[in-house]
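Presented sequentially are two complexes of subunit A, the first with subunit B as partner and the second with subunit C.
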Partner chain A sequence: MSRHQVRVLVVLALAAYPALYHLLTQSPVGVEAETLLPRMDTMVALLYFGLFAVSFDFISGYTGYLSFGHAAFYGTGAYFVVLVANGKIPLVPSGTPFMITLLCAGLVAALLAVGIGLVSFRLSGVYFAMITLGFAQVLYVFVRGLEWISSNPRDGASVSGSTHPEGFEVGVPFVDGLNLAIGPLSGDTVTLLGHTLGTNAVSFYLVGAVVLACYLAMQRIIHSPFGQVMVAIRDNEERAEAIGYDTFRYKMGAFVTSGFFAGVAGGLFAGFRRSVTPENTFYFLVTGDALLASIIGGFGTLAGPIFGHFFDESIREFLSPAGQGGGLLPYLQTRLSEGVLSAEVGGLTVEGFIEAALNGHASLYVGIVFVLFVLYVPNGLVGAARDRLGGPVTEKLPDRLWDR
Partner chain B sequence: MTAVADPALADAGLALADATPGSVFAASVLQTGFFAGLAEFLRPSNLAGVLVNGLAKSALFVMIAAGLSLIFGLLGVLNFAHGSLTMIGAYLGGLVMVVLVGGATGAWARLGYFLVALVVVFAALAVLGLVVEVGLIRQLYDSPPIYQILLTFGVTLVLEELVRIVVSFYGLQPISDWQEALGTKPAFLARQTTLGPVTVRGLALFEILLGALTVVGIWLFLTRTRYGLFIRAGSEDDEMAAALGIDVRRVFTVVFALGSALAGIAGALLMWDPVWGASVPLAAETLLPAFVVVIIGGLGTFRGTVVGAVIVGMADAVTTWWFVNVVTWTWLPEVTVFLILVGMLVVRPQGLYGVEEVGGH
Partner chain C sequence: MTLLELDGIETYYGESHILEGVSLSVGEGEVVALVGRNGVGKTTTLRSILQLTPPREGSITYRDEQLVGLETHEVADRGVGWIPEDRRIFSQLTVAENIRVAVPDRAAVDAALSLAYDTFPILEERQGQDAGTLSGGQQQMLALARGLVGDNDLLLVDEPSEGLAPQIVADVGEALAEAARDTTLLLVEQNLPLALDLADRFYVLDNGRVVDDGDAEEVSADSDRLRRYLSA
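== the complex of A and B ==
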């Protein structure tokens, strides 16, 4: 059972995060904690986007087929949830429980994956990456121009207050007592033992539960005979075929599964944020973010993308433009004296330098780290740890820690 | 990119444009209907206007994609940073023009300065390409091709953010076109010119001229010079070329520098075009069409890239005319371009002139 210890610890650490964040930000080192730790709503984003990155890694890292248009499935799931809530989808009324909508969002994305996969898997390598990118871009342009979606489709769509004013509820469908709403504004709060959990903390647990279930499902698939064939395809597709596996079917199966979970991730995103834009769903740079997370965390390791995305989000928030929660500049403004901040070095003040070169420019530093990872740590954080320990981290780490 | 209505096209179209915006799908076709639109489209003056605009777009596409095609053909690296190089070229070209050109500068002097800008951009981007190839990409030739894509993707992130920092430091909006650079155009390029039955933008003719010169230049370089011979030999079989005594690694470096420089001068030209303009999003706007053009033509054939650019440019011009004058589907031009890509990959994955083995396919 030792291989479960590490996983349970990671889940527990995540589960303790809201309490930890609350305690630390109230403590004497509160300002430092607020500067360094991601805020709660960032942590929710980490979960749903992490799920998307994991689903991207599921197909790209395990079968070796770079799905550069993966944002198509994320976007489909996200738009589906918003459109259902606005009563635009026939057969699925606005009042459908969110869990069922979420499932449908995944299924619609999976259906799309069937269509794209049937065409795209006739190709491989660079061509596969380009054709999936092509499909995603077609959908992106389409969604930007389709006026059926909203009055101004270029700016995306949001959940209308008239058809769906209440928050999206995660829980057991049709049982009122077992449902809680997610969302920074429309979500529920919970009071437990005299402590009130805010909407973001509640959303964190609820989204986290769905993400965990999806993660475990994908983990199960990877470790099943089906997953072994996926890895065989990555390592040597011709050999897998020669042994007698119908690789096309396995690739399709993996792609559709991956599309399903990407759709669920998109649905969670839309449920939490209540509004979607073409840029943060269908655009190819959304896939780029998943790629970034996968490479830094570990390409071809299921948990890696979550760590990779955690890294990405932390840096982005640390260097976020002034006035958006904790970060470097607000911290320095509270801690350093005015004299230091306005000290001039070569005609540039310290504050001016931070404003110009650091704040809001996290992409630069994340990009540099990404390049360094590609060059020197191609297996990513988790992959490097795995190489170091000589086997899967979850199996080898407990041995290292306790048996010796 | 293409969703922006071409002013010349709007002028060329007749009063058909009383479309009812807000309608969906079938209702989007005008009251006049498809056949009236077709009849209008087939009028010689409209057809000629579309042809000129299509050629201008083709010229731009071939300039954007030429470097990408050369680099992929020889090195087998699909360069995601290509769009960023174009964008840097646009800003750099704009900078040279803004510094040199004053309000009183005459039209021909401006054109002369533009040539200076082209030389500066060519040299600067060649150096940048050299640095990227020697410093980064060279280390990954033996890794799976996927890692080269990833590396250039990372380079894109870094370059774009650096430009964003510099540009906003000097008080420009990184996401909107650099108006001051647009204003350095000679007056005769900004005007509409009447050529027989059609009225076209002067800039369109200039773009066609420059695109044709670029194609001829690359063609002569590839077929008439010793280095071009090395490049063609290396594209066909780099191991064999190395065995015959060609320093293939050095040819790689030269081609990467050359491809980057070509991306740069394409950017310098786009800096003058109000449809594109110098801005940070120009990187993504040019990268995607460049991919489409190169893949349609076949990865690694320059002839294919030229033909691909003409196909994409013409399709773009025709659908843009329809979108401006007959239908209200804003997405029509872009979707058409990508549907051509998808169709081509399904029917002929190696592209029009591609060889099957190129690109690890």
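== the complex of A and C ==
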């Protein structure tokens, strides 16, 4: 059982987060807590995008084939959910329960992965990365120009208020009382132990449950014989082939599985945000963010990208200007006294300096952190912990903590 | 009965012509040594058989079936195993996973593990460890174990003694002799005493051609015969 302890702890910590955040922000250190801790909607974004990063790691970190066009699957899942909601997809009516729509979104993305994989796995190494990137960029341009999607496809599409005035009905099977909805408009609140959860917290738990289920499924696959062949392919593909494995079929299987989960992640994104644009779904920088999360968290660790993305997003939010998360900049602007702010050092007021150093430069600092990680923590957060402990963190950490 | 027959194979890496009409045969139950200097095409011969580097011309038959044109995994499915040189194992899988992955038939995994651990008890002690952390000799034992459990009728063994301490070479030799009891071996080896001790017959490769062949016992007594092809 010991290998589950760490996972259970992480899940419990996440589950306790909304209550903790609520308590801390109401407490005397509320302003500091708001400055340091990610807001609830950031936490939801962290979960669905974390799932996307995990699906990227599933194919790229475990088989060694870098799927640089992974955004194509995320975008497909996201657009699918919005288009279903707007009644544009035949056979899937607008009122379909969200969970079923989500499943379909994953399947459509998986189908796309079959097509892209059949062509791309003729190549390997950097050529594989480039051709998948090419496919994603073609789709990006295509979606930008496709007027069937909305009147202005360049700006993407939104869930229509006339079909879905509120959030998506999740439709928890067999439990009518739990007919919750996802998304900031849902208006659903749940009272638990005398504590009322806001709409973002409800979405947080619903998205979290889906992400957890997907993560555990991928975890199972990685530790199955199929997953061992994936690692064998990464290690030495010729040798895996010479043992008798049809490596093409294994690569396709892994790619399609990964595409499915990326589609689900995109579907969660669209369900929560209710609008999608080509830039935040199909664009190559979306894959870039997953790559960043994987490198910071650790390639080939599966859970690592979630932590990596958490790290990345926390820094971004902490350094973002007022109105976009209330990070360090507004904190300093409101907490430092007038005298300090207007003091001049070398022709520049302190306020001006803070503004110049912090406003809108989050990406710069994230970039510096990224370079430091590549240089000094090449195996990422989870990979470095694994090296330190001499084995998988979930197995070794409990021994370290309790048995000695 | 002939198990494997190579007839005039011509293999290229890009434009460089590596094998220039290699012909050889391996009988069922035999141990055949393929010897020669570095860079004469020994490994390429094995890669050609496995279709990792398919020959442009010539034929390779295994149990009277043409292998040229098949995929590598199809060659492996027919019972041809490979114990490659250099990095011999999947370094990021554990010892036990390395053995398990060598047995595509899931039902046979337990038997395979006990066969491997009986042959090399050290592997049982190290079963949970990443294979990349084993010593060179242990890695070679693991590679041999994988070849043994793969239910192969023909094992292509590439430089099993390369880079190993003399004591380990003796262990590897014993393991190969053990393997040879119920498997046919085509053995590429630079360590001539080891190769000739194990082999029934030998072929000498030089510049992509077979330049000599014969009975291993005969040539062991006549040490000058091979020297000119093998000394650098």
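Quick note on the criterion: the second predicted complex is superposed on the first by the 395 of 404 C-alpha atoms of A that agree within 3 Å, B and C clash if a C-alpha of one lies under 4 Å from a C-alpha of the other, contacts with A are read in each partner's own complex, and residues count from 1 in each chain.
Heads up, the rule we're going with is that a residue touches a chain if its C-beta (ideal position, glycine included) is under 8 Å from a C-beta of that chain, and two chains touch if they have at least 3 such contacts.
Fair warning: this is a prediction, and the values are worked out from it, not measured in the lab.
*Asks:* Answer with clash or fit: subunit B and subunit C placed together on subunit A by superposition.
*Replies:* In the superposition, subunit B and subunit C stay clear of each other.
*Asks:* Have a look at where A:A13 lands relative to subunit B and subunit C in the superposition and call it first, second, both or neither.
*Replies:* A:A13 contacts neither subunit B nor subunit C.
*Asks:* To the nearest 10 degrees, give me the subunit B-subunit A-subunit C angle using C-alpha centres.
*Replies:* Computed angle, apex subunit A: 80 degrees.
*Asks:* Look at A:E238 in the shared chain and tell me whether it touches subunit B only, subunit C only, both, or neither; answer first, second, both or neither.
*Replies:* After superposing on A, A:E238 lies in contact with subunit C but is clear of subunit B.
*Asks:* Considering only the touch criterion stated at the top, classify A:T247 as touching first (subunit B), second (subunit C), both, or neither.
*Replies:* In the superposed model, A:T247 contacts subunit C only, not subunit B.
*Asks:* Who does A:V229 touch here: subunit B (first), subunit C (second), both, or neither?
*Replies:* A:V229 sits against subunit C, while subunit B stays out of touch.
*Asks:* For A:L375, using the defined touch cut-off, is the partner it touches subunit B, subunit C, both, or neither? Pick first, second, both or neither.
*Replies:* Touch status of A:L375: first partner only.
*Asks:* Contacts for A:L23 in the overlay, against subunit B (first) and subunit C (second): which applies, first, second, both or neither?
*Replies:* The answer is neither, since A:L23 touches no partner chain.
*Asks:* If you take every C-alpha pair with one atom in subunit B and one in subunit C, what is the shortest distance in Å after superposing?
*Replies:* So the smallest C-alpha to C-alpha spacing between these two chains is 8 Å.
*Asks:* Hey, what residues of subunit A end up touching subunit B and subunit C alike?
*Replies:* Touching subunit B in the first complex and subunit C in the second, no residue of subunit A appears in both lists.
*Asks:* Which positions of subunit B touch subunit A when the two form their complex?
*Replies:* 3, 22-25, 78, 136, 139-140, 143, 145-147, 149-151, 153-158, 160-162, 164-165, 168-169, 284, 288, 291-292, 295, 299, 329-331, 334-335, 338-339, 341-342, 345-346, 349, 359-361
*Asks:* Using the touch rule from the top, collect the residues of subunit C that touch subunit A in their complex.
*Replies:* Interface residues on the subunit C side: 50, 52, 71-73, 75-77, 81-82, 84, 87, 90-93, 97, 100-102, 104, 106, 146, 150.
*Asks:* Touching subunit C in the complex: which residues of subunit A?
*Replies:* So the residues of subunit A in touch with subunit C come to 225, 228-229, 231-232, 234-236, 238-247.
*Asks:* Please output the residues of subunit A touching subunit B within their complex, sorted ascending.
*Replies:* By the definition above, subunit A touches subunit B via 64, 66, 119, 122-127, 129-131, 133-135, 137-138, 141-142, 144-148, 284-285, 288, 291-292, 295, 356-357, 361, 363-364, 366-368, 370-371, 374-375, 378.
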